[in-house]
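Once you scroll down, you'll see the structures, which are given as structure tokens.
After this come two complexes, each holding subunit A, first together with subunit B and then together with subunit C.
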Partner chain A sequence: MSIEIQGLHKRFGHFVALDGIDLTIPAGQLVALLGPSGCGKTTLLRIIAGLEMADCGQILFNGEDASRRQVQDRQVGFVFQHYALFQHMSVFENVAFGLRVRPRARRPSDAQIRDKVHALLELVQLSWVANRYPSQLSGGQRQRIALARALAVEPQVLLLDEPFGALDTKVRKELRRWLRRLHDDLHITSVFVTHDQEEALEVADQIVVMNRGHIEQVGSPQEVYDAPATPFVYQFLGNINLFHSRVHAGWVKVGGLRVQVPEHDAAEHAPAMAYVRPHDIDVLREPEDGDTTLAATISRVSSLGSLVRLELIQAPSGEIAEVEMTRERYAADPLQVGDLVFVKPRQLRVFLYNDPKVESPMHWSGDGDGI
Partner chain B sequence: MMFRFRQPSVLPGFGLTLGFTLGYLGLIVLIPLAMAFTQAFHLSWDQFWHTVTAPRVLASYRLTFGAAFLAAVINTGFGFIIAWVLVRYPFPGKRLVDALVDLPFALPTAVAGITLAAIYSSNGWIGHALKPLGIKIAFTPLGVIVALVFISLPFVVRTVQPVLEDLEAEVEEAAASLGADRWQIFWRVIFPAVRPALLTGFTLAFARAIGEYGSVIFIAGNLPMISEITPLLIVSKLEQYDYSGAAAVSVVMLVISFMLLLVINLLQRWSRIRNGWEAVT
Partner chain C sequence: MNSSLQPSPVSVTNSEPPLIRRLLLAVALIFLTLFLFIPLAAVFYEALRKGLGVYLAAITDPYALDAIRLTLLSAAIAVPLNIVFGVAAAWAIAKFEFYGKSVLITLIDLPFAVSPVIAGLIYVLLFGAQGWLGPWLAAHDIKIIFAVPGIVLATVFVTVPFIARELIPLMQAQGTEEEEAAMVLGASGWLTFWRITLPNIKWGLLYGVVLCTARAMGEFGAVSVVSGHIRGLTNTLPLHIEILYNEYQFAAAFACASLLTLLALVMLALKALIERYTLKQRWIVTLEETK
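Coming up: the complex of A and B.
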């Protein structure tokens, strides 16, 4: 089922949670709502589910207006961050709940319910816990039971609110891969909320990046990572280096470094922000000709498993920059703290300060998890 | 499996605290109760049996336990509603209402009895209004129930309230998203979660109502065979210097109360295990 959201607004008192959301979620896709806490992503999910009512705006399910439908009639499966299992029921009864509460005419027989529940427990690979109670399960198991319970009613849409947020890193990674495979088997339109950019990049077909009640960008993981539409998206997805700079006649100047930026041909002496990902920087021992490198001193070397991260102090400005390189590359030329090097950005993205898409950087520097 | 009396623990002092607990319980509860037994067995078995099965005494058991049971049942229902309203809905004066619930705890029971008798007697406010309908409350078994409902009200409210407060809203939302209507959410999700607390509240209210004396004697009228409760019977025996008779009736009451509370406790344990709150041991 496709979901269309048009002009959605929601306030809580004076707090604007959603400020004009327009979004189309095509049928059968797995979509991530990604953003820092307080950006409105959970509110949006709850409004889609019918657990919250929007102040204005519409939600269309398959082109039909569902804005006034009760949560019971929306045919959505909802998975909560803290599982929200029924503590006094066995796992079996938890999963069977949605079938048992159906009106008599549509309620399956006991035998059908049993078969269905067992099939679902099989699907989440937990058929052996059917007679246990939720308090006897681990967090990962509880969340899988919550998912089985949501799937039991054959929902048209699956909505997951930070489904792996309460789990430890290892279980979280396992479960998100498992969710991806499950989605590939079932093809049920799914929306999940997360503040973890890695999770969104790994699992989702489409990522909706949200910030302060509005949508910053919608796109595939590759699009939002490689071509961020706004500085916020750039900062929020992955680590960044920010260089304050000036753009003039299609060239950006950062310290002694000059890079051509044809998209800003018209700008004249405009203050700008240049972003470079830590893995898009080469570190050289010798300067290159023609203002393509910046001098810097290495202040810290740390090993992060498969990567080595260098912290550099830029020679003229004293600003700190981060560079990431593979282990092999580092091993080929092991740089030491105190070495004088020359950095050369391979890829650099420039946003002008007076661009309407660019907010004052003060706002989002604090609340992005990816920084 | 070997029974292990003493579990290793980070907090020392098991021996001391257990000793204190047993000593205290013995001093405060067991010794006085044992005295009732010794006093009662000054009677021969025939005398004892005759005393505790006299028709007037039997009628008083029925009234005491029956009225206490009904009062506890009534309070289980209304106490739950009061707790629900106090937890779920914000309204002006909520704190005041909340404090009001505890008043029956604090009020001397005699004051409660006199007030209730005044209001429910045939020339009191409520008694007067009910008179044309043919309902008499004061000086009837109904009056006893009213008094017991009054004094045991706080128990259910105070046991259920914290449990309701702890119920996650998400659980109800999950049930709603699975298609359950309000009734189903209440009966299948909320009520089972609250049931153990409700049973505890019921037990406390019941126990309190069985032992109540002060408020009942004013409103009951104390007519033998009709509205005379067992505690009053014991007191009147004492007033006639029939100490052994009083002790005999007390012992019977004690044994019945103990059995009832034991049964309720077992019931509660069974209900908890069945609902997965506790692992089966």
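Coming up: the complex of A and C.
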């Protein structure tokens, strides 16, 4: 089932949780709502579920207006961050609940319910805990039971609110792969909320990046990572180096470095922010001709498993930049603290300050002019 | 003697020296003995001092039976009313945000803050012969003060906080996620209440009911003001005990008092039993699984 959201607004007192959301979720996709806490992603999910009512705007399920439909009639499955399993019921009864509360005419027989519950417990690979109580299960097991319970009512849409947020890293990784496989088998339209960019990039077909109640960008994991539409998306998805700079006639100037930016041809002496990901920087021993490198001193070398991270102090400004390279590459030319090097950004993304899409977050301002 | 002061292996994690621990334990035990066990024993000792015959005569006295009947009646009305009100109020306060919530919480606490005598006086001022509604009630031949309705009203008033107060923190701690999960799965609000909310609060509710019942049967002050002490008509068990005591019928007074005490003990035992039973059920499931 496809979901279409049009002009959604929601306030809690003076706090604007959602500020004009328009979004289409195609049928059968696994979509991540990604953003920092307080960005409105959970509110959006709860409004889709019918647990919260929007102040204005519409939600269409398969083209039909569902905005005024009661939560019971929306045919959605909802998985909570803290599982919300019924503590006083066995695992079996938890999964059977959605079938047992149906009106008599649509309620399956006891035998049918038993078969269905056991099939679902098989699906989540937990048929052996049917008689246990939720308090006797681990976090990962509880969340799988919560998923089985949500699937029991054959929902048209599966909504997951930070489903792995309360689990430890290892279980979380296991479960999200498992969720992806499950989605590939069932093809049920699914929306999950997360603040973990790695999780969104790994699991989702589409990522909706949200910030302060509005959508910053919608796209495939590759699109949002490689071509971020706004500075916010750039800094939220992965590590960044930010250089304050000026753009003039299609060239951006960062200290002594000049890079061509054809998309900003029209700009004249415009202040801008230039972003470079730490793995998009080359470190050279010798300067190159033609203003393509910046001098810097290595101030720190740290090993992060498969990667080596260098901290550099840029020569004129004294600002710090981060560079990441593979272990092999570092081994080929092991740079030491104190070495004088020349850095060359391979890929640089420039946003103008006066661009309407760009809002200047407080912690970015006041850094002075870059390298 | 010295060896008993050596720390045992169990107490390694405990930072208090054994002497202090024993002292604290002794203080607690002495306190409990003085203020709980001895009075409790005294009630039964005094009740039976003049023999079983006197005891039985005292509690089968027609006036005593009337008082027991009235006490049970007012409890039987007050407790269900408070269950409904307490659950509704706790539900509203714990699960919803609305204007006037703090006012409602304060109002629920009012009967705790106000002296029971004042509570009784409020009803006399409202419904008494000289009260605001007195003339109207007299004209329609409705008797509230110095009659059973007044006693029930006063009992309800003083027992209002017990169940609501017990449930509010419990329901606040449990949050609304389980209810939301049930509604998403298609359960109506009514079904969600019976299948999810009520089972989750049943121990708190039972505890509240036990306390509420004990108070409803034992209430003296408010009931005393509105009752008029008419033997056989408006005397509850506590009032009956007072009259007996004032008439120097100590054995009879303590015999009736022992009844009230027994009722309280029975309810506490009941609560402990049910609690243990359900815990055992869970254990059995766990043991079968781990076999």
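The rule we apply is simple: the second predicted complex is superposed on the first by the 362 of 371 C-alpha atoms of A that agree within 3 Å, B and C clash if a C-alpha of one lies under 4 Å from a C-alpha of the other, contacts with A are read in each partner's own complex, and residues count from 1 in each chain.
Definition applied: contacts are C-beta pairs under 8 Å (C-beta built on N, C-alpha and C of every residue); 3 or more make two chains touch, one makes a residue touch a chain.
All values derive from a computational prediction rather than experimental measurement.
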Simultaneous placement of subunit C and subunit B on subunit A, clash or fit: clash
Touching partner for A:Leu60 - first (subunit B), second (subunit C), both, neither: neither
Touching partner for A:Val71 - first (subunit B), second (subunit C), both, neither: both
Touching partner for A:Gly98 - first (subunit B), second (subunit C), both, neither: both
Partner chain(s) touched by A:Leu123 [first = subunit B, second = subunit C, both, neither]: neither
Subunit B and subunit C footprints on subunit A, overlapping residues: 49-51, 71-72, 74, 76-78, 80, 82, 84-88, 90, 97-98, 101-102, 133, 136, 146, 149-150, 152-153
Parts of subunit C lying in touch with subunit A, wherever the complex brings them together: 177-178, 180-188, 191, 195-196, 199-200, 282, 285-286, 288-289
Residues of subunit A that touch subunit B when the two form their complex: 49-51, 70-72, 74, 76-78, 80, 82, 84-90, 97-98, 100-102, 133-136, 146, 149-150, 152-153
Residues of subunit B defined as touching subunit A within the complex: 168, 170-171, 173-181, 184, 188-189, 192-193, 275-277, 279
In the complex, subunit A residues that touch subunit C: 49-51, 71-72, 74, 76-78, 80, 82, 84-88, 90, 97-98, 101-102, 129, 131-133, 136, 146, 149-150, 152-153
